[in-house]
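Look for subunit A in each of the two complexes below; its partner is subunit B in the first and subunit C in the second.
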Partner chain A sequence: MKEIPDKEILLFKSCLVNVEYPGVESSTRFLFDKLGIEYIVSERQSCCTGLGHYSDLFDQFSTAALAARNFGIARELGHKNIATLCATCYAILKKSGNILNKQDHIRDSINKILDDSGVPDLKYNLEDMDSRSNIFHAVEILYNKVDEIQDLVEVDLSEIKVAAHHACHYCKVHHKDTIGNVRDPMVMETLARACGVQTVNWYDRKTNTCGNGFRQRYMNKDLSFSITAEKLMSLKENEVDILLHMCPNCQLQFDRNQKVIGESFGTEFNIICLNVSQFLALALGADPYKVVGIQTHTVPVEPILDKIKQIIHAYEV
Partner chain B sequence: MKVKGHFSRYAPKSSIDIGVFLCKCGGNISHTVDIRRLKSSIDAKVVKEFENLCSIKCQRNIRDVILEEELDRVVIVACSPITHEKTFRNHVAPLNPYLLEMANIREQCSWVHSDMDKATEKAISLTNAAIERVKYARPLDAIVRKTKKSAAVIGGGISGITAALSIAKQGIKVHIIEEKPTVGGNMIKIGKVFSPEKLAEECALCLFNPLINEAVQHKNINIITNAELKSSQRKTGNFSLLVERRPSFVKEDKCMACGNCAEVCPVDVPNEWNEKLMFRKAIYKPFPQSVPDVYTIDEENCIKCGKCQKVCTMKAIDLEMKGEIIPLNVGSVVIATGHKGFDLEKRPEYGYCRNEDVITQMELARIMGVNGPTNGKLLKPSDGKVPRRVVMVQCAGSRDEKPGGKRYCSRVCCMVALKHANFIRRYYPETEIIICYTDMRTPGMYENYFRHVQSKEIKLIRGRPGEIVKIDDTIVVRVEDTLKGEQVEIETDMVVLSEAMEPSKGTIKVAETLNVGLTEDLFVKEKHPKIRPVTTDVEGIYVCGTAQGPKDITDSVSQANAAASKVSEIMNGGLEIEPTIAVVDNYKCDICGECVKACKYKAIYMHDERISVDPIACTGCGICISKCKNKAVEVMGQTDSQIFAMIFGLLKDKKEGERRILAFVDYIGYVAADNIGINRISYPESVRIIRIPSINRLMPKHVLFAFENGADGIFLGEYPDDIMYPDIQAKVQEIRSELLRNSIDPDRLLYYKVYAPYFRGLANKLTEFDKQVSKALDKLEPVLYKASSKDL
Partner chain C sequence: MNTLKIGENTFELAQIIIKDLKASENIGILKCIQCGMCTSLCPAARHTDYDPREIVKRVLDKDESLITDDIIWNCFYCYTCHSVCPVNNSACEVNQILRQKAIDNGKGKPKIAPFSAYGDSFLEYGLGAIPNDFFDHLLKDYGKEWLQLKVDLEDIREELGLGPILLPEKDVNDINKILEKTGFTKRLERVRRCKDEGNSR
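Entry: the complex of A and B
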């Protein structure tokens, strides 16, 4: 397995996380603090372009140029290891890093732009970033600390059943760097199991896409939803309480659209969608509202909270 | 004669009488080279000219002159040594054959140049070089190899047994080392096997058992089961092996295989011989036809309750039995360690571990075997019912570029699936067969079988299933029919995955123990898969069967016979080896082991605290010389003094304003250069060709010496052999940096990949290089040429 750092980390902010589920970032920061991971968050960092890139608004060149700028900032701040909250940021940054290292003419043109824009300090030098050893998903940073997490769990979750939806942009784009078997990634299950929860390790359609497909959700809504529906059905058959995510796009697809999809099938799924960081933060005793931010969720998280609370209560008595 | 620089250190001690014999080659040489002028320019005790030196009469003449004039060395000035060196060597007796040198003034002079003046001058310098070189020749004796007439075959499957039988029949003692309690390997597990040019399946046991029995009874074959190769050491071409035999706790000579012991054994163990589809006891015989025909206790699972001991009337069971270490000294080793099935846990989407009725082709083979878990009946493992439909999934693990998959095609699975399909269609006509394939690969005669099975109404879908799931009680195979472009969901009650073949653990381990190279896919690597099959990169070790790569039984058998014939070659041939190999001076050697690491041919090895060279494996390439800091290695016939003398000789009469290029080429390069002559293509007279075993033999000092003595350019030509090519590149780089350090324009050095048939390319390159050197000299000569000469 690749080497995973626990210091000099730039926690890479995500547009979708901040807009839709800000609890993902606060939960991750909560966990990083608890685990003693040395990291920073920078206001200077810009978007990875992901959403725009996959909707044909930003071409690869501008995407790589923005990445070069972000890499420059990370370098300047002495935090060269990037940990993303979103699988799309992860894939986009890795790809841009490879382009900047391998294609001299693109690197030169981007450096010229950075020069012309008055930020020569942010210029990209060859091998500044290594896609494999500098760019990570925050889940990987946590995965590396799974034993420590196990010791910090504060609540009993043994009656809850979770399944995981590993994001395509994490597993399938740079699959040589994916932890574990890309055909059955177990990164999130491993983390969840450390909290004593029951995990459904395999379910039908496990490795399928969430159905979101960026603009597909808007352009081909029926196709998009039918794929999400298939997966929801399989999860329901497996009696899953919580579906764990590692990408705000997927989380959005399953959380925001679950009710509509259920209605078209005449059913209610009631599958709670949590980012794995949110789930781990809950397990480690974080405040559900102030840290985990469950008030921004569409499928209510409270029922599970009650379950957890009861258990805690039982302990107290 | 005076020579300068470090070369003088190598000068011979006393004066040497040299005889030079010139050949006119019936005008082939004398029409272009002025023989009289050549003759008059030679400084030797005797100079004689002949019309046709290679004729028998002339050869006798040479011998007479040698005896009369009491010559110490002979130089033949004639054609290419590739054509006639052997002939002339035979005719210099009583002189040692290696005290002869040839100057090639036909292929590399008279046939490539037309200007008589220039050709004669070149002939003179070629002759001079040969004279200089022969002074440093030493008498050498051919090496006669003594190899022990015995071999070890590792692995007792179809390949190992076949190889062992063939070797044994050629009068060589063979030890078969098998890690399992019985020989038979994978083939013995398969009920029915396919054959080329036959539309029917054959019984594997009926084909294989007679061979096994023959092996057991053969006086030259010794079968060691329950055994593993622990270590291997090479000594003068032989192998000292240590084989560890695990205790079987049953005395082989007493056990009658009555089976009473197994009946009372309380321990149930999944039976690996039946692909764990059923159980066996801790004391067991793998299958009724096991060889040797005795019971074995598997130490891992035995609880030592002693019940078996009580019922054994032969007193064959000894629970205190210890393992033993068996030393074997053999002349050759055959690796026949086979393959294993791909671990299907790595393809979780196929549900192999979650669903009992998703099985492998090997499991199906056991189910279909009459001595298998269902006595040959096609029954589902989950409920013992006959399946109504069987879906076969090809390329399960093969042709897969994702991590964990195998990129290669496993070659047999299409035929295996068709064989099982045909068998099922014949005996269970109610059962439907669907094969999901990537490409149907049934080359050669197997295509007939494919057509035959297709006519049995099997269904073929071109597509690789994405998922196999169980919905309620039905298995659903989701696949895209890529011919129709449709997503298909096939409901079925049994799925058979055609698992990839991968190297067995034993294959990897044995290769490591024997220090034999592996391919990227961890199969045993052949030295040259096209022209040196079954030969590994260690001389004397051969490979056959699926240890070398995926293949069927037919191919395994022919490969096994090939390996056996290679073994017999080195044992029965009484090999005589050219003495032009590396020799280690043990007084100078401090056993640092750098040469051992550098030798890609694994010809140098260390044992008993000294470095030795295996004469069969050594090619005399000379890479070890550059690695030896103590100058303890030499290559016979290619000593430093010989190389320096040759360089000196080729340059000593260089005139003012003349250009001279030394072209160092390997054997292939030399042949290509001869081909230029044979085809009468011309190249500049400036080029002087020197044959070396490999560029790896050269060191910067040789090249610097050449520049110092007036060379204008150095051309390096070698066939880019896979195994040595990286070292050649490194060597060229090393020489280039040395030139830079000495302020010599690197344009005056060129490395070129030579191929024997592409001689025109070589001729063009030599011409181009001549121009390049001329330009480099124009540009730099006033400053650098002089500088390089002075600095040295």
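Entry: the complex of A and C
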């Protein structure tokens, strides 16, 4: 397995986490703090272009130029290990890093642009970033600390059943750098099991896309939802309480659209969607509203809190 | 039917794609054996006429009509095909490159015009956002609680101990300078114009 850092980390903010599920960032910070992972966040970091890039609006050259600028900021701050909160940021940054390292004329053109734009200090030097040893998903940083996490668990979750949706842009784009088997990823299940929860390790359609498909959710909604529905049906059959996520776009697809998809199939799914950081933070005793941020979720998370409370109560009696 | 002339380079379209900046290093288009692994797992193929194996075959046949064929707009960019291909080909990347060709020749611009507000947001704030044109449509599906979230967002972020979303003004200006020089700003203007024409029609 690749070597995973626990210091000099730039926690890379995500546009969808910012405005849809800010609790993903606060939960990740809570966990990093508890685990002694040394990191910073930069107000200067721009978005990766992901949603624009994969709706074909952004061109690859512009995306790589903005990545070079963000890499320069990470280097200047002495935190050149990037940990993303979103699978698409992860894929985009790795791709841009590869381009900047391997295509000399592109790197030169981008450096000239950074120079001409008044930010020569942010120019990209060859091998500044290594896609494999500097760019990570935050989940990988946590996975590396799974034993420590196990020791910090504060609540009993043994009555809860979870399954995981490993985002395509984590697993499939740079598949040689993915931890574990791309066809049956277990990164999130491993983390969840450390908290004593029951995991559904395999379910039909486990490696399916969430169905968002960037433009598809907005331009071909029926097609998008038919894919999402396949997975929701399978999760329902497996009586899953919580679906774990590692990408805010997938989380948005399953959480915000779940009700309307259920209605079109004449059913209710009631599958809670949590980023794996949010789930682990809950397990480590974080406040559901002040850290985990469950108040921004569409499928209510409260039923699971009641279940956790009940379990604690049963022990007290 | 697409016919080939004697002496014609049938791999011309494939070679153009291989050289594209979006194509992964050592992309195996020319090694495709039409095994169909890509199609067997493709979500779009399961629900539409889209067929990644067929897309690659048409590229290898130098079938340039593919660029203006609506079928390329069905891919989800999930990279499932890319992750299972035994010869390191990527129908997903081929598709992305074909769409860029369609945008360059004008036919694809109306397809991406609805997303132009993403670019506007990027130039204004240095941040991505779901294009606001979709807001009403999303609100209907997401429910009114989502609207309340937008209203309460700043308070919620504060409660969570998170800093401001916005970048310092100087950084936004730098990003604008960079995107002007990469050609993105002009590209966005052209897409926007196409959107305005679509709206006035």
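Convention: the second predicted complex is superposed on the first by the 313 of 317 C-alpha atoms of A that agree within 3 Å, B and C clash if a C-alpha of one lies under 4 Å from a C-alpha of the other, contacts with A are read in each partner's own complex, and residues count from 1 in each chain.
Rule of thumb we're sticking to: a residue touches a chain if its C-beta (ideal position, glycine included) is under 8 Å from a C-beta of that chain, and two chains touch if they have at least 3 such contacts.
Bear in mind that the values here come from a model prediction, so they are computed numbers and not experimental data.
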Give one of first, second, both or neither to describe whether A:Asp116 is in contact with subunit B, with subunit C, with both, or with none.
second
I want to verify the contact counts: of subunit B and subunit C, which reaches more residues of subunit A?
C
Looking at the overlay, does A:Asp204 come into contact with subunit B only (first), subunit C only (second), both, or neither?
first
Which of subunit B and subunit C A:Asp184 touches, first, second, both or neither:
first
Kindly classify A:His175 by the partners it touches after superposition: subunit B alone (first), subunit C alone (second), both, or neither?
both
Looking at the overlay, does A:Gly72 come into contact with subunit B only (first), subunit C only (second), both, or neither?
neither
Looking at A:Pro288, would you say it contacts subunit B, subunit C, both, or neither? Reply first, second, both or neither.
neither
Going by the contact definition given at the top, which residues of subunit A touch subunit B in one complex and subunit C in the other?
175, 182-183, 207
Within the complex, subunit C is touched by subunit A residues 15-16, 18-20, 22-23, 25-26, 29, 41, 43-52, 54-62, 64-66, 69, 98-99, 102-103, 106, 110, 113-114, 116-119, 168-169, 171-173, 175, 182-183, 207-209, 211-216, 218-220, 223, 226-227, 256-257, 259-260, 289-291, 293, 295-296, 298
Residue set of subunit B touching subunit A in the complex reads 346-349, 351, 354, 402-404, 467, 469, 471
Show which residues of subunit A lie in contact with subunit B when the two form their complex.
175-176, 178, 181-184, 202, 204-207
Per the touch rule above, subunit C residues touching subunit A in the complex are 20-22, 25, 41, 43-44, 46-48, 73-80, 82-84, 96, 99-100, 103, 108, 111-112, 114-116, 118-119, 122, 126-131, 134, 137-138, 141-143, 145-146, 149-150, 153, 156-157, 159-165, 167-168, 171, 174-175, 177-179, 181-184, 187-188, 191
